[in-house]
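There are two complexes below, and they share chain A, which is joined by chain B in the first and by chain C in the second.
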Partner chain A sequence: MELKTFPATIDSLDAIRQYVKEKSQEAGVDKKATYNLLVAVDEIATNIILYGYQNTGLEGNIDVFSEATPTQFKVIFEDDATPFDPTTRELPDEEDFNLPLEERPIGGLGIYLTITGVSDFSYEYKNNRNRNIFVVDIKSP
Partner chain B sequence: MDFTITSEVVDKVAKLKLTGELDSLSARVFQKEIEKVALESPTELVLDLENLSFMSSAGLRVLIFSKQKMGVGLTIYIVKPQEIIVDTLEKTGLQHSVNIVDQYPV
Partner chain C sequence: MKVAENIIESIAVIEVEGNIDSKTAPEFEKAAISAIKGQGQVIIDLSKVEFLSSAGLRVLLMIYRQIKSQSGKVVLVGVSEDIQDVMSNTGFINFFIIVNTLEEAVETLKKG
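Our next item is the complex of A and B:
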């Protein structure tokens, strides 16, 4: 696994996306799947930075691990903020999506895009760290 | 990539041009611009997204916010969005509430 560490500040979002994009392309993930992965990592990084660190007054880092095999590209975010499992968030459903914009609930879109944007998204709390795991299956050309 | 936004309101039509990547950080700038043009009570909001290469849910939330802020009478046009951004709008059902067009005036 390769590791790169970013300060858990909102200014890091762009750099995290650029880094994951580079690794994803190196791994052979196609353009569309890479884009959807970037939306997913951006959502989770935003949550960690805003709710894990900034709003609680904590300072820290996000460790971004990545690993590629011929069939799979995996990204893992690890951080030391308060345990938070994004998968427990209530997801918007078809009914919400059909509501007129002015009546739509404003939350939950990010986690929806995260879960639907990768082949598998999971969360675990291990060794006192949050671990958000993104897996993208690589389609053979 | 840097995010830039320009806006003008002429005859109740607010035109905004977004360039770069729209994430949680740049969505704050987008929201401020929406709040600014909302003061002139536009009836049409025209978003030129031709040069926008990334949009996170924070960007989608500003779209929803626009409608909630400016009222049900507001018509939203999204001009020339990149295909990948149209995918996000479709996936989240937002394409029903906006008009995706190749040019404005339509």
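Our next item is the complex of A and C:
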């Protein structure tokens, strides 16, 4: 696994996306799947930065691990903020998406984009750290 | 990210350049609120936007609600295929008119 560490501040969002994009392209993930992965990592990084650190007045880092095999590209975010499992957020469903935009509840959109943006998204709390795990299956060309 | 506000043929035009994420969305929102004040129609040019997160979608939703309350229309210009896919997955796409060029956007709104 490769590791790069970013300060958990809103200014890191660009750099985190840029880093994941490079690694994803190196791994052979196609353009569209890479974009959707970037949407997913951006949403989770935003949550960690705003709710894990900034709003609680804590300072810290996000460790971004990545690993590629011929069939899979994996990104893991680790942080030391308060345990928070994003998969417990209530997701918008089909019914919400059919509502007129003016009546649409907006919560949960980010986590929806995260889960639908990758092949598998999971969360675990291990060794006192939050671990958000993104997996993208690589399609053979 | 940069945001420019213009008026073309008395239609408010908001041109965004760069990435719209949680860091930059508040600036986009602020510029959009000022640009659409008292306007019934608005064009948002996203030709130079590479990345749009859910924070950006929320701003588009806010603009749509404001304009809709005045029975107006929102036209988006130059939305990348990647962004269109995200808008389509979340049901956002049906509420906006999406065209390729600024000229088409102006024509669309002129026709009423």
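In the analysis below, the second predicted complex is superposed on the first by the 141 of 141 C-alpha atoms of A that agree within 3 Å, B and C clash if a C-alpha of one lies under 4 Å from a C-alpha of the other, contacts with A are read in each partner's own complex, and residues count from 1 in each chain.
The definition used in the following text is that a residue touches a chain if its C-beta (ideal position, glycine included) is under 8 Å from a C-beta of that chain, and two chains touch if they have at least 3 such contacts.
Bear in mind the structure is a predicted one, so any value in this text is a computation, not a measurement.
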Ask   = Looking at the overlay on chain A, is there a clash between chain B and chain C, or do the two fit?
value = clash
Inquiry  = Quick check for you: in the superposed arrangement, does A:G110 touch first (chain B), second (chain C), both or neither?
reply    = both
Message = Contacts for A:E43 in the overlay, against chain B (first) and chain C (second): which applies, first, second, both or neither?
response = both
Inquiry  = Looking at A:E78, would you say it contacts chain B, chain C, both, or neither? Reply first, second, both or neither.
reply    = neither
Message = If I apply the document's touch criterion, which positions on chain A are contacted by chain B in one structure and by chain C in the other?
response = 10-11, 13-14, 17, 32, 35, 38-39, 42-43, 46, 50, 92, 96-98, 100-102, 104, 106, 109-110, 112-113, 116
Task = Flag every residue of chain A that touches chain B in the complex, lowest number first.
result = 10-11, 13-14, 17, 32, 35, 38-39, 42-43, 46, 50, 92, 94, 96-98, 100-102, 104, 106, 109-110, 112-113, 116
Remark   = The chain B residues in contact with chain A across the complex are 1, 21, 23-25, 54, 56-58, 60-61, 63-65, 67-68, 71-72, 84, 87-88, 91-94, 96-98
Message = Taking the touch rule as given, give the residues of chain A at its contact with chain C in the complex, in rising order.
response = 10-11, 13-14, 17, 31-32, 35-36, 38-39, 42-43, 46, 49-50, 92, 96-98, 100-102, 104, 106, 109-110, 112-113, 116
Message = Considering only the defined contacts, which chain C positions touch chain A in the complex?
response = 19, 21-23, 51, 53-55, 57-58, 61, 64-65, 68-69, 81-82, 85-86, 89-92, 95
